[in-house]
Amino acid sequence: MSSATSFTDNEAIITYASRLMDENRLYFVAIGGPPLLAVLLAKQLHAPSIAYVVEDGTIAPEMRLPAPAFMIGAGLASSRAVAWTDMNTVDFHASRGYIDDGVLAAVQVDAYGNFNSTFAGGTYDRPERRFGGPGGATEIASLCWRTMLMTRLQRRKFVEKLDFVSSPGYIDGTPGARERAGLPAGTGPYRVITERAMFGFDEETHRMKLLAVAPWSSIDDVLSDMEFRPVVPDDVVPLEPPTERELDVLRTQVDPSGRTIAGDWIVLDGAAQAAKAAPVAGAS
Amino acid sequence: MTTRSIPVLDQGAGEFRPPDPDAARRWARDKDRRLVDKRMTEQAAVERFVADGSYVSYDTNVWRRGPSSLMREIIRQHKRDLWLAAKFSAHDATLLTAGGCVSKIDVGWMEVGRIITDAVREGRVKMFEWTNGALAYRHLAGALGVPFLPLRYVGGTDVFHNSGAQLIEDPYTGQPVCLVPAVNPDVALIHVNQCDIYGNARVFGPGLAPVETAMASRHVILSTEEIIDTDEIRKHPAQTTIPYYVVDAVVHAPFGCYPGSVPGLYRADLEHLMEFGAAQLQGTMDAYLEKWVYGVASHTEMMEKRVGLAKMQQLQADETHTEGYYT
Amino acid sequence: MTTRSIPVLDQGAGEFRPPDPDAARRWARDKDRRLVDKRMTEQAAVERFVADGSYVSYDTNVWRRGPSSLMREIIRQHKRDLWLAAKFSAHDATLLTAGGCVSKIDVGWMEVGRIITDAVREGRVKMFEWTNGALAYRHLAGALGVPFLPLRYVGGTDVFHNSGAQLIEDPYTGQPVCLVPAVNPDVALIHVNQCDIYGNARVFGPGLAPVETAMASRHVILSTEEIIDTDEIRKHPAQTTIPYYVVDAVVHAPFGCYPGSVPGLYRADLEHLMEFGAAQLQGTMDAYLEKWVYGVASHTEMMEKRVGLAKMQQLQADETHTEGYYT
Amino acid sequence: MSSATSFTDNEAIITYASRLMDENRLYFVAIGGPPLLAVLLAKQLHAPSIAYVVEDGTIAPEMRLPAPAFMIGAGLASSRAVAWTDMNTVDFHASRGYIDDGVLAAVQVDAYGNFNSTFAGGTYDRPERRFGGPGGATEIASLCWRTMLMTRLQRRKFVEKLDFVSSPGYIDGTPGARERAGLPAGTGPYRVITERAMFGFDEETHRMKLLAVAPWSSIDDVLSDMEFRPVVPDDVVPLEPPTERELDVLRTQVDPSGRTIAGDWIVLDGAAQAAKAAPVAGAS
């Protein structure tokens, strides 16, 4: 597969997430946004029978692509499901342990995979920037066996201390911290996926751990965009850029409207993909 | 004869509607058990059943199968001081806040722009952080007639600290488990696909928590795309999701979700959603409200004068997927 | 950081399956998430998923839409020491007790005759008094993945004292409220109207708690009147009540409820029910079991050799009401 | 309406119960038995739109009569309902206060309307007679606003002390006893209906109170068949015997199989209905 030389940060994040997905696991996603697109991309490319559950109670749909622009409002998004239930019901399935991986977008994350979808700056009652709220992320990140977080790598997003803990990661990282908070045993964050780096979590300390870095970036580059220092092991591997095929399917089938995949462009030096990418357009 | 006690390990400090299952039972006791015709206009329904200060729960939201015509009527009647359950809201909360109707919001998720942000910063609106699931579950508790339900999330977050949740030692396993209080809204606003004149209702497609919301609430206002014969209801009892005896008002409202969609029936009007977004960004929400709410007497008038038949037909034609809904 | 504690006002002294939601989650974790063909014979399903000592929950009962063919297979395989959830049972518990399979019964309601009475008096079977609703609710708790649920009954009775219920002071209202422990059966036996080869299932008509029972249980064996294409399932997702990923076995069993009924499809065989009643009264249950269970190798053989086509057609013809089920 | 002179005790009980029912209340009954027949009789005779909810989740059916012999196994029993739900759902409707009157059969009742469906004689572990168990009666008697009990008037049934309290009445009769047991406020037994006497409950003491006595019986006759003494006010009224019309509908439409209405015969002296009835056939 040939690597692409031009894609948005969101396209990269969605692509990396999709590669982690397989047909042996059941996924839990919100009604729209990058997590749903990642599952749809995996379904198109390497996991045609992959099943996912949507927060609105849709179970294992087989949406015909290209996807509609405004997914939440289209009957097509829930089509060819094996069951239509409701929000409480799919949360119960997660609570019972039937849903393996929750896939979520975060606006701010800390070293233990706790994340924020509520506000940034100021206080809860007088926020500088107010976001949409926890949504279904809190239950998904609590009840699924593993959590995959999708976010851009920015210093204001990878913070020492969250402005608000909307959804739990490993809390303070101590053994049993989630169980002490009333969450099911054996659950927690699994991967944090950004456009330039992929993270896991140290099994002992539960601290975020760098796993892979994009060829146009570097470990130092990654660390410079984080407030906290993740565990950096010796065996950090390269993060293969999106392929032309992945991007083609993503752009023509999964998000033809371009609403969700839009973002800052990453343009690689054609000769050496390890060259530093230059953001050329500025959605924030 | 206390034999032992259950430790409360932690509890949130947020304000919440205190549960009172016996009060909720008294509301139910006083409703009519007979099959009475409950059809009325959106104006009458909102006048009778939405009061200033009401706790209001709608389902789903203004983007999909939401009671948009009822929400506009609430604005038109200048209801004040409402407490919203934004369990999975869209720009509904923004619209009602722009109309000056809201003072408190229980938040799961909602679309947030400058209107909400300004209202919160200026103290006009107070938010209480929950989650979509926790709010749906609190409605379930209200529907079950119990004061609380245990659940295995909310703990380990600032949501917990800002909420009415409690973390207790489970008396059966000894392990920590969270409790959330039931909510019994004063009014449920639910848009359904079909119902009869008594309120026996069908909701098609996946959804949020229409049944729990109806069962939990003191008053239930249904808006419906279509009124069908009770004979048809009785032919297919499995399709009924809300029984007549919980329903107070049936408002016949074709395109009642406009500008949102009813899956299987019509798509959302993206142009309108962009018009709303632009009004918020540009600070011209007053003009938007004048055009879409105050400047028309009713939903019917709005659809006729502001939307028009051609647009309605287009939105219906755009919804190409009906399988599982109407076929 | 205990801030306060919740008084336990009273608690039952009955034995009960202790809830362990985390163990139930591990069972679920290890099931296959892919769409795999789960068809097997009743013999294979019972061999694989019912063990001596299993807690077994069936739904509804041998009179209506019950998994009768699976219960007979349990007897045929001489399973022992089962703990039954008789949440609304008929003569199922008697049959399994006659087969020597049962040592404990959680009772809601069941048909009781000399077989059960003698077994209890002689200490071969121990009963634990609950109620139909409390058992259905305990299954709901198991399906929700929580260790208990509060409810507003059971208190004020000897059921309470003989059960695993607790009466606590509600931390929200300060009023007494009852808790019952979740149950997560080892095996659910559920007869459905239709399912596909993966276990996506449809149950038609009113019912007891088929969905809660499936969702709560470690292993789920479906017997089904009919196997349908997954394409048909996907055309009408609203009709699916049990999703494939909870199901372990799909047993194709037309007339699987015989001698009971499947409403809309066939009536119960009253002659057979009288034969069973007579066998119990006259102490000839061994002959009954020989004829209907041990003397045939399978449900199919029993239907062919003991019931016969004419009787089957008669029972179908007797069920004149199909509206809402298949029409 | 002309009074009948020959009917079974069960026919009398069902008839009296049916007369208490009206269209302004929603009833909760089990899947078969006398309570369901009483509602069906009321529906045929004086309350055509009466609505009832069945323990199996059937809501407000309009069963075409004559009723089938084996109600539980027949699709007809749930036919023309406005909704088909399940046991938990209708219990929730009762818990929320939507179901007015629970109508139940009891095998043993005490002075406060507590009742037994579990065993008689011996102990719980070694019962002399074991019954079917509480069934749905406990939730119905706890959650509905009022409870109507149907039973025969016999000394072994109206006892000082129940062998087992399967379902709650007013418990020990003290104010707030039900609330202290975790039951909803403002609920409790309303009527106890037998073939010869109808009882209510004293508002202060919650003790069973004699309201009406059949013309062929007497207060003394009634009291002699009870272990405990109910409140006996001055204004005990006559209990009108079943009419020919009631019995005709009951026998031909409501229970044509005769399974449930069978019982001990009450045959009245044709000239004076106040004559003592003679049981002539013996179902127990």
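We just call them A, B, C and D in the order they show up, numbering each chain from 1.
As a working rule, a contact is a pair of C-beta atoms (placed from the backbone, for glycine too) under 8 Å apart; a residue touches a chain by one contact, two chains touch by 3 or more.
Source: prediction; values computed, not measured.
Show me the overlap between the contact partners of chain A and those of chain D.
B, C
Per the centroid of Cα atoms for each chain, what is the distance between chain C and chain D, given in Å?
Distance between chain centres, rounded to whole Å: 29 Å.
Approximately how many whole Å separate the CA-defined centres of chain B and chain C?
36
Just give me the whole-number Å value for how far the CA centre of chain A lies from that of chain C.
41
Taking each residue of chain A in turn, which ones touch at least two of the other chains?
Touching at least two other chains: 58, 78, 80-81, 84, 95, 143, 184.
Using the touch definition from the top, which residues of chain B touch two or more other chains?
Within chain B, the residues that touch at least two other chains are 21-22, 144-146, 151-152, 175, 177, 205-206, 235, 237-238, 323-324.
What is the shape of the graph in which nodes denote protein chains and edges denote touching chain pairs (line, ring, star, complete, other)?
other
Kindly provide every pair of chains that touch.
Touching chain pairs, listed by label, are A-B, A-C, B-C, B-D, C-D.
Could you list, by residue number, the parts of chain B that touch chain D in their complex?
Touch residues, chain B against chain D: 21-22, 24-29, 31-35, 143-146, 200, 215-216, 230, 233-235, 237-238, 240-241, 243-246.
What part of chain D is in contact with chain C in the complex they form?
31, 54-58, 69-70, 72-76, 78-81, 84-88, 91, 95, 114, 117-118, 122, 124-127, 129-139, 142-143, 162, 164-168, 171, 177-184
Once bound in the complex, which stretches of chain A touch chain C?
Those residues of chain A that touch chain C are 23-26, 49, 51, 58-60, 62, 78, 80-84, 92-98, 100, 143, 145, 184-186.
List the residues on chain C that touch chain D in their complex, please.
60, 63-64, 86-88, 90, 107-112, 116-117, 120-121, 123, 126-127, 129-134, 136-137, 140, 151-160, 162, 167, 175-178, 205-212, 260-261, 263-264, 267-268, 270, 273, 319-325
Within their complex, state which residues of chain B touch chain C.
1-11, 18-22, 144-152, 166, 168, 170-173, 175, 177, 179, 181-182, 204-206, 235-238, 323-324
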